[in-house]
Each structure stands twice: as C-alpha cells, then as structure tokens.
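Okay, handing you the structure first.
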Amino acid sequence: MEYFLELSSSGLVRGSIYALIALGYTMVYGIIQLINFAHGEIYMIGAFVALIVSGVLTIYGFSGISILILAALIAVIYAAAYGYTLEKIAYRPLRNAPRLSPLISAIGMSLFLQNYVLLAQTPDFLRFPALIPDFEFMEPIAHIMGSPELVIVVTSAVSMVGLTVLIKYTRIGKAMRATQQDMTMARLVGVNVDNVISMTFIIGSVLAAIGGVLVGSYIGQINFYIGFMAGVKAFTAAVLGGIGNIPGAVLGALVLGLTEAYAAGYISSAYEDVFAFGVLVLILIFRPSGLLGKAVKQKV
Amino acid sequence: MVDNIKRSLLVALWFVFLTFPLMVVKVNTLKNIVEWRWINMLWVAIGSFVLSIVWRWAMERRQLKSKKAEQGEEESVKPGFGQRLLEDPKIFKPVLIVLALVTLVFPLVVDIYQANIMVLALIFVVLGLGLNVTVGLAGLLDLGYVAFFAVGAYTYGVLNSFFGFGFWISLPLGGLMGALFGIVLGFPILRLRGDYLAIVTLGFGSIAKIVIENWEEVFNGAKGIANIPRPGFFGAEMSIHTATTYTYYIMILMVLFAIFITNRLKDSRVGRAWMALREDEIACVAMGVDMARTKLSAYAFGAFWAGLAGVIFASRNTYINPNSFTFMESALVLSIVVMGGMGSIIGVIIAALVLILMPEYLRAFSEYRMLMFGAVMVLMMIFRPEGLIANVRRKYAGRKVVTEDANA
Amino acid sequence: MLEVSKTMAEPDNILLEVKDLTMDFGGLRAVDSVSLNVCPGEIVALIGPNGAGKTTFFNCVTGMYKPTNGAVMVHPPEGKSQKINGFKSNRVTTIGMARTFQNIRLFKNMTVLENVMIGRHCRTTTSIIGAILRGSKTRRQERETVEISYDLLEKVGLVDVADEFAKNLPYGAQRRLEIARAMATDPFLLLLDEPAAGMNPQETKALDELIVRIRDTEKISILLIEHDMKLVMNISDRIYVMEYGKEIAQGSPMDIRNDPKVIKAYLGEDSDA
Amino acid sequence: MRKTVIKNLVMVALLGMIMPATGFAADTIKIGVAGPHTGDLAPYGIPTKEAAEMVAAQVNAAGGVLGMQIEVLPMDDQCKPEIATNAATKLVSLDVDVVIGHVCSGATKAAMGIYKEAKIIAVSPSATNPPLTQSGDYPNFYRTIAPDDDQGKLASDFATDKLGAKRIAILHDKGDYGKGFADFAKQFIEAGGKAEVVLFEGVTPGAMDYSAVVQKVRREKADAVIFGGYHPEASKLVSQMNKKRMKIPFIGPDGVKGNGFLEIAGKDAEGVYATGPMDVSDYAVNQKAKADYTSKYGKEPGTFFDQGYAAMQVILNAIEVAGGTEYAALEKALKSSYVDTAVGKIKFDAKGDAEGVGFSVFQVQDGKFVELN
C-alpha cells in the first residue's frame, strides 16, 4: 500500500509538470490548430533563464526566498517574450498556409532554439540550485512526498485555477474563447484576433516557464535538450485529454504521469514510455477525441 | 525607409533584450563570477537589425506577390519556373538529359565522401517518396514513419546475423515486413483523424525504438548489430569505395523505381481514392470508397518503401543501433514531404537532397550547423509555405480535346 | 428496365422503403418513426422547417448514422432486396444509392474530372498491383472511367472546366459537380440534400431542368431535401413533410400545398424569420 | 534503355574504380576528431574536441611535431551510425592521418570499417564496448579508456567484497555504454555467487524524474545500487534517492567519475562510489591539462576530457616516434612506447586496449573523488 502511495505521489508530480506544459500546447492548438513543437523549448529557456538569474543573484549575495521569487519572475517574463516572438516570426506569416507548414516551421524553430542555447551557454548539464526549501512538517512523509514535490503539485494546481479564472472571467479570456469557437466571427465582432493569439502564446509560455523552474529546482539539473522530451510528453497529455480542452489537458497529464509511474513501479521503467503511449492508443481507440474532447460529430 | 530603419532599430532592441540572459550573461560556477559577454550584445544588435531590414523587404515582396495572385494574374499568365520545367518539353527534355548524365557519372568523379552522403540522401528520397503517399496523397499525418524504416533495417540485420540472409533476399523481405507493420499498426487507428493520428503515430515510433532497445535477445539492444554486409554482386570482393559506388547505383535504380511506381499509382483508381480521402473523408466514403482498405493500403504502401530503404540503410552503414531511429528522423522525412510540396514527386526529391546534404555541407560551420539547419527550415516554410514545387495535377486528355481552350 | 411510373407508390414496385425510422442522439430524438417510399422513376421530396430532422434522415438512409430503430430496405431493380441499417456508407453507395451534401463536400484540390472519376471507384476494380502493372484490363477501366466521367460532365454542363480545381468553380457549378459525381456511381436512386441552396433563380431553374432530365433520360429516381418551395412543387411527384422529427404529411404537391398542418408548420417558421 | 546504361556503368565502376587512397605528403598532420558535437549527446563529444584543439594549439605554438603543424578537423557524428559513416568518409576524403574517436561505441563500429580500409588509426577516448578490441574485427582501433568488462568486474567485486552488499540493484541508461557496463556487473555478481541481483532495469535518459524507479529499489530492499551510464542520470538518481531518504551505496562507472558529477549532484554526491582510471589528479600531466583548460574556457572540463587529451598525446607521441604517419610504424609505436598522458603512463596491448590505465574505486568525500585503497 505504501508502495502504491509512493508511486502515486511520483506520478502526481510528473503529471503536474506535464499539465503545466500541456496547457500551453492545448491552448495554442485550441485557437490556431497548431502543434507548437517549439513549446518544449520555451520550457527549457524558462529554466535556463531562472538558472542564470539565480546564479547571478547568488554571486551578488542575494539569498533564499528572494532568489526564488526573482528568478521565477524573470524566467516567466523571458519565456513570455520568447513565446511572443516565436509566434510572430515562425507562425504568424504562416497563418493561411497549408496545415502542415507551420508544423515544420515549429520543428525548425525547436532545433534552432536548442542549438541557440547550446551555443550561447553550454552543451553540458548544469546544476540547478534547489530553490525550494525543505519544510520541517513534510519530513515524516518525505519518502512519499517531499517538500519540493508538494510545492510542484500546489503551484501547478494554483496556476491551473488561475488560468481557469482568467479564461472564464476576464476580457481576454472571453476573447480567447470566442476566437477558439470561430476566428472569423470573433474578428467580426471586434476581437483583435492577432492579439488574442499572441496572448495565448504568452500565457502558455508563462505556464511552461513555471514548469521549467519547478522541474529544474526539483531534479537539480538542466541542459539544452530537456525541452524535447518534456514537450513530447506534454503534447501526448494534451491529446490524451482531448486537445484544445483545458481541463482535458490537466486530466490527460495526470493520467499520463500516473501511468508512467505505475508502469515503472510495477512492470519496468525501461518500458514506461511504451505504456505511456500504449495508454494513449487505447484511450484514443475507444474515445477518438480524447478523454474530455467533445466527440465532434462531423456535420454532414 | 526611415520608418523601416526605425522599426528595425526597435526590433534590434527587442532582440538585445531577448537574448540578454543567454547570450551575454554566463555564470561561472567554478570561480563564482559572472562573465558579461558584452560583445555578444553588439553582434545580436547588428545582426538582428540587418536581418530585420532584410526580413521586412522580403515580407513586402511576398505580400505584393500574393496581392497580385489575388487579382488573378498569376500562373495562367506566367507559370512558375517549376511548372514550366515540368510541362514545357523544350526545357524539360534537355534538363532531364543533363540530369541523367550527371546522375550517372556522379560517383565516378567525386570522392567516397560525396558518394556516401549521396547514398544517404537517396535513401531519404525513397523515404520521402514513401511518406509522400501516406501524408501527401492520403493525408494521414504520420510522425512515426521511422518505425517502418527501423523494421526494414532490423529485418536485414536480424535475418543476416541469425540466418545469414544476404542483401538481395532481405531487400524484398524488408519491404514486405514494412508493409505488414503498416497494416498492423494502421488497423487500430483507422478512426483517428488529423492530429490525433499524429501523436499516436509518434507514439508508435517511440515504442518501436524502445522495443529495439530493450529486446536484447533479438535486436541486440543498444549494442546494435555490427558487420552487416554491404550489397553483394555475385560474391565479388569490393573495396568500400567500389561498394559505395555500387550502392549508389542501386539507390538510383530504386529511386527511379519508386518514382515510376508512385507516379503510376498517383494517376490510378487507388491514387485518386487516397487523394479523395485526404480531401474529405466523409464524402469519399459516401462515394463508395472503402475507408479502411484505402487507409490501410496507403499505410502499407508508404511503409513498404520505408522497409526497403531500411534494408539499404543497414547495408550502407554496416551497423545499426536504435540511435538512428528517433523522432528526429521522422520529423526530417516529414519535413522533406512538406517542404517538397505535398504530393509532388520532384519537390520531394529536391527537398530530400537539400535537407540531407545541407547539414553535411554545413559541416564547415561545425557546431553552428544544426542552428542554421533549423533556421533554414523555418525560412523555407515562411517563404514557400506551399512547398518548393506545388503539386501539379495531371490532365486527362480524354477522347475530347476540348480541354485546350478550357482555361481561356 | 422497369416500367417508369409517375403515379403514386405501388407497394410491389418500390426502390427505397423506409419503415418507422427513428434516430436518437443521447436523449434527443432527431427522427421519430418516419416512413417513406421511393418508386422507380419518381422524384420524391422531403421538406420541412429547419431542424426538422431531414438531413439526419438522409444520413440514416445513406449509412452515415446507424438508426436507433426502424428499417431501411432497398429493392434494387437488379439484385436482391436487403435491409441496409448500419451499412457503411460506401456499401450503401455500392448498392446503388448515391448522395450529395447540403454543405457541398467536393474534393477541393482535385480537378473537376477527377472528382467525377472518384464516383467510378466502386464500379472499377484496379488494385495497387494492377495500377502498378497497368495491364490491359486496368487501361480499359481507366479509359472507360475517363469517358464516362466526361459524359457526365457534359450532362451537367461542366466539360469546359474539367481540368480546373474543384475549389475554383462557382457555387452553382459546384452543386452540379456534386450531382455528376454521385451519378458516376451508377445509382438507381439519387439523394440530393438541398441541391438549390444558395442558388439564384436562374441557377435554380437550370437545376430544376437537370433533375428532371436525370430522371427522364438516365432513369434514376430522386429523393431530395429542399427548401425552395417553387422547385419542390414544380418537379416532385410526391412530397413528405417533416417537423420536429415527425412526419406530418405526405402526398402530391397539390395535397401538400393545401394541407393545414404544413401551412402551420411553415407559417410558424416564417413568422420566426 | 536507361537501365542497361546504368548496368554498364556499374560494370565499369566495378572494374575500373579501385581508387588508390594515397594522400600526397603534406606539411601538416591532419587529425580528425569525430564525435557528437550537436544533439543530445554533445556533452560527451565536445570535451574531447576541445582537448584536441587545445593540445594542437599548444604543440603548434611550440613548433609542431616533426616540424609539421597539426590541424584538427572536428567531425560531428551525433552518435548516429549513418552520420558516423558520413563523418568517417569525409575524414578519409580529407586525407586525415589519424582519427580521435568516435565517442559512442555504436558510431565507432559503423565508422571503423571505413578507417580500416583507408588504413587510418583511430583512438577512441570513450568507446568502451569490449568487442571493439576483443573481436579482432578492428585492428586499427585503440582506446584510452578501459572496456566495460574490466570496469564491471571492479564495480561488482567492490560491491560484494568491500561493501558486503547482498542484494544489489543494477540500473542502466539503456545506452551502449551504460548497458554494457551494467551487463558485465550483473554477469560478475551472478558468477561470484556472493550477492543477488534483485533488480536489473533501464531508465530513460531525459525522463522527467526517476522517483518511481527509486521507490522500486527501496521495495526490493536492495543494499547497493550499481548504475551504468553517465553523470546527468547518475546525479538525478542520487539526488532523488536522497529526496526519498534512501541511504544505500551508489556505484557508478567512469562516466560518473568526473567533475561534472560533483558539480551537478552537489551535496547529493557525497558518499557516491565510482570506478575510474587510477587517481591521476596529482599527476603533473593531468594537472596541467586541467589547468590549461580551465584557464582557457573558464570551467571544469567535461566528460572524457582526460581520455581525449590522452588520445591526442599518444597519437602525437607515436607520430614522433614513428617519424611520420605511416600506418605500420604508427601501429608499432603505439604498441611499444609508454607515454605520460592525462590518464597515466600508458601504452597499448596487442588488441588495442590501453595498458597502464589502472582502475580503482573512488568515493566522493568532501566534494572530491578520493581514491580508495
């Protein structure tokens, strides 16, 4: 039983991170039907910026919580800036292009950003400082869930609630929903679609950067390549939940994280990805539009 | 113009801001000092300023072009060079002859390196032509195409290391195994559409790699299978250079074979059904096309070429391990198809040559080569979103040649 | 060939026989025990206000949906009668009922001719191997396909634009192309889903003539959904009226015109608009 | 028609195309350095490249070897067999005299055939797969690192004899290097009969975390972990073991023993064991190499830097001894004369493995790898 709890906690943590990244995927997809393959790189860049900022601050004598807050803040700002620029350069000119063209552009951008960080910084893995302190009260159950893990789960949950509120109740949220429903119509009723799309990229990037900082701090290392795998998994999660659907992305991410943890724990970690994708295939066979995706009856 | 410069200055400023932490700051954890690489900032500023001006100019041109196109004075007035190349026999024929000659003498005049990378490029041409059927014609987005490539390569590797099968027996077997896997993997995902299909196929690609990695008894895992023979020629002993040249000619034949066959299929009942499926699945089925059969045949046919290419790939490298079958390869082949212009055979060939040879010729730029590769991919898509050569549909000269004045 | 009758349905001479067809979506009953017959040589219209369930009915008949209840029977002029509930739509088409779509579904990036050629798919047999080898049988089939397709294009007046991409055709021409494509499948019954939608009066008139011509010269029966009353009244032999999923009337155009229930249904809709 | 033309041409090619691979004598010595310089495995290839470039610059500044300048030609292979053959043929067509590389065993196997025919000697800093030397297929192959089996034996002996472990969990990264090491460790433990392998499992490099597998190790009540793989995964594992409050010995191969591990794992590194080449840190050559690197790049050298540096040294020495780059003479020189290198005083045995690369077990104490005796 304890083992099960241990695995569940491990899956929950993974799932929370996947969820943060998956949200960006799903939001972008919901609005412009683009698989933004470079989204994982935004997550990586967020983590790198946080690392650099915290390194600089440490050297200049800042300490503890102020580093965490500043590093996270600047990482988020930069990720947003990168997300915004990415959309403007690589996707906006392709708004009316054939459906697969932006996908290729995204793959190219992903390669570019990876190598940009490799060259500008280093190909090596870097130590990411443990920004999250160990809480005393978590000690008794630290072998099941430690403080950093708790922080990850809580932060993810808070971010998601924040996102939901943002989308449900704010002006920009409403505009986003309208654009998602029907871009032409939204434009007709006076929504600035370009701004909405930029905003979507910015919000998605912010979430990814939060994920990057949390993961970096949790596993203690980053390099230029971490975005790729995380991106693929998050994308899988988004599809699993029903791409374009925000609660779906979260649910999909949790299902994926837990599946991987149980597969690694009870079967073999060498095959955990096989199970992750296996679950995806199974779910899609029975629910072709994902867990929460609306079974869109094609209008005939 | 002044406005242009002003805006470009702003862009440069933005990029200076954007690249600041990564390009300028470098934390030296060893000595606990921060390196400020201000010179990089200057480069970024100058670089992005210049690029921005070029970008603006290019975008303006692009818009002008599309505006012209909207006003309806496009192709009918002056067909693009690509199209003229294909349709005007006066240009077409000499170009073809020159091309054939170059192709034939190529390995005889260049060194082993050029021949060797050309073989790799030709392998990707075949892969591109295969995936072109699945994605370009039938519209089934496949991000795990590399799985079938791996099936082919490992068919040869395993058959050779366990049973001593030679290249020429393994070649058709590899193709057939590829096709078989195409059907097996295609079956459960018949109902999926578009991007759902994309991620599931991506999953299949990863699963294939993981299985190869872990199933050591058969595939030898990460250690890979070594000493795979190069293609044989009646048991003749060949130096590597000769063998490479020989493989090159095999590949040329295979590419011609692939072009011939895909061309025939494209203009056939089967090919039209694939395209109809891509255009509108519901209408296609309502017109009496069996969706399952058509989809599976598209998968199997695409996978068949990947299987064949895989066998040659194994024999070319003489060694295979799972590292060659990652998502990057799938993405590469997909890029070839999209950049070439979906469904266009010549486009695919050009794109394959460009995408495979470019990283090789970019070797001079050493570690910058993948950076440039990524950038070129983005730029190509932006400036040619329809691909290098848009697909030209065949005109059926039925019994009535009314078609001549049809366009008027 | 069967005798062409322009009169009311004769029970022993029916092509399509729908009995008590019901279709539920979740809790919503979109079609509620609707029965309908089409006889050889007839033009039958199915009318009703928006949302009455006409297209759903069509989809059930052509295999897009599997009906919850009821029976769809076909009695092809050649071949045996069978119940086709839940058949996939390609099988329905192969049996001999072809349809068009309310929101035109052409193969946009294929040429006009190729669109029609797809219709021949279920009447030809070339396999992958056959297509590669391109033997004499394949070549013959291919030639026939092209010829038949050109013929059909001629009939709908599109032969001049055979090599255009379908997406470049004007609206009315796209409608006619859909009809030609459906006819290429050699149907005994053509199901047209709002063929006149979005057409101007002139185009509608041409369509009117085309439909009658198809019936008279091609000997294909027609079941159509339509909003354009003038067209329906002009060409239909019999009319069925649906409202809220139920069949509320049937009969000759004259009967329908005077049916109080129909008038109410339409006036109700009109006052809405 | 065209097919017959091609067929004829193939015949012509086959008969007339035995091109002699002779290079003209040049006044530079060309040394190819092949390995992953881009992509996810770049961290293991770039340090060797940097080492080679650094040595070349120094030697050139001092007048070169035999009066000839050294030219280093880096060649990216991304650790992929197909790119490795591209890189190899490129090096052959550039007429290199010697090759340092490749880095991954797989890429090395794909490339060796090409070097073999071109009569080029390759010295790998990091290809540890035993058959590379032991199979006899690659007579022109040398390496400045010990093969997996030696290290596997050392690690397993250490775990059972010195640590007294009874239940050992073996993890690996599924790569040719890590899995190879893990396989041998498992084999020796099972043959020794003193302990039991309770878990043998691969982890996915680049996976978000390893907490599930760490929990599994705990459930199996293992009393030691042997890990085959590189330092990023190793530090991820030890840090998660610490987070999960697990305190059992962790033993890694020489891919772990390095400053990279110390740097990334930080405090979590304390107490970790790793096998590796005998302590050469007080060895002057090694100290100088590292000091040079640090002053040039401002950071500690990365993985396989020592081995890459050593490869460059043995090659330059052999050229000097042989008085040129002629194959047989080089071969003789490599196999006969001991050289002071960054990994110790070495020469090569008949198969191409380095003699003198002694192995011992290290432990991290106070943030440094300390040799255990």
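Some notes on this structure:
For reference, chains read A, B, C and D in written order, and residue numbers begin at 1 within each chain.
Here is the rule we use: a contact is a pair of C-beta atoms (placed from the backbone, for glycine too) under 8 Å apart; a residue touches a chain by one contact, two chains touch by 3 or more.
Everything quoted here is computed from the prediction, not taken from an experiment.
With centres defined by CA atoms alone, the chain at the far end from subunit D is C. When every pair of chains is scored by its C-beta contact pairs, the maximum goes to A-B. Computed from the mean C-alpha positions, the centre of subunit B lies at a distance of 33 Å from the centre of subunit D. Centres computed as Cα averages put subunit A at a distance of 35 Å from subunit D. We define each chain's centre as the mean of its Cα atoms; on that basis subunit A and subunit C are separated by 48 Å. Averaged Cα coordinates give subunit A a centre that lies 29 Å from the centre of subunit B.
Among the residues of subunit B, those touching two or more other chains are numbered 29, 213-214, 282, 367, 370.
Among the residues of subunit C, those in touch with two or more other chains are 64, 101.
Listed for subunit D are residues 38-39, 46, 174, 202, 263, 299, each touching two or more other chains. Per the touch definition, subunit B reaches subunit A in the complex via residues 14, 17-19, 21-23, 25-27, 29, 32-34, 40, 59, 62, 135, 141, 188-189, 191-193, 195-196, 198-200, 202-204, 206-207, 210-211, 213-214, 282, 327, 331, 334-335, 338-339, 342, 367-368, 370-371, 373-378, 381-382, 385-387.
Against subunit B, in their complex, subunit D makes its touches with residues 2-3, 5-6, 9-10, 12-14, 17-19, 21, 37-39, 46, 74-76, 79-82, 84-86, 89-90, 92-94, 104-107, 109-110, 113-114, 117-118, 129, 131, 137, 174-176, 179-180, 202, 263, 294, 298-300. By the touch criterion given at the top, residues 261, 264-265, 268-273, 275-276, 279-280, 282-291, 297, 301, 391, 393, 395-396, 398-400, 402-403, 406-407 of subunit B touch subunit C in their complex. Listed in rising order, the residues of subunit C touching subunit B in the complex are 62, 64, 88-90, 93-94, 98-99, 101, 105-111, 113-114, 117-124, 126-128, 130-132, 134, 138, 141-142, 145-147, 149-150, 159-165, 181-182, 184-185.
Residue ranges of subunit A in contact with subunit D, taken from their complex: 3, 6-7, 9-11, 13-14, 17-18, 115, 118, 122-127, 142-143, 146, 148-149, 215, 218-221, 223, 225-226, 228-230, 233, 260-262, 264-265, 268-270, 272-273.
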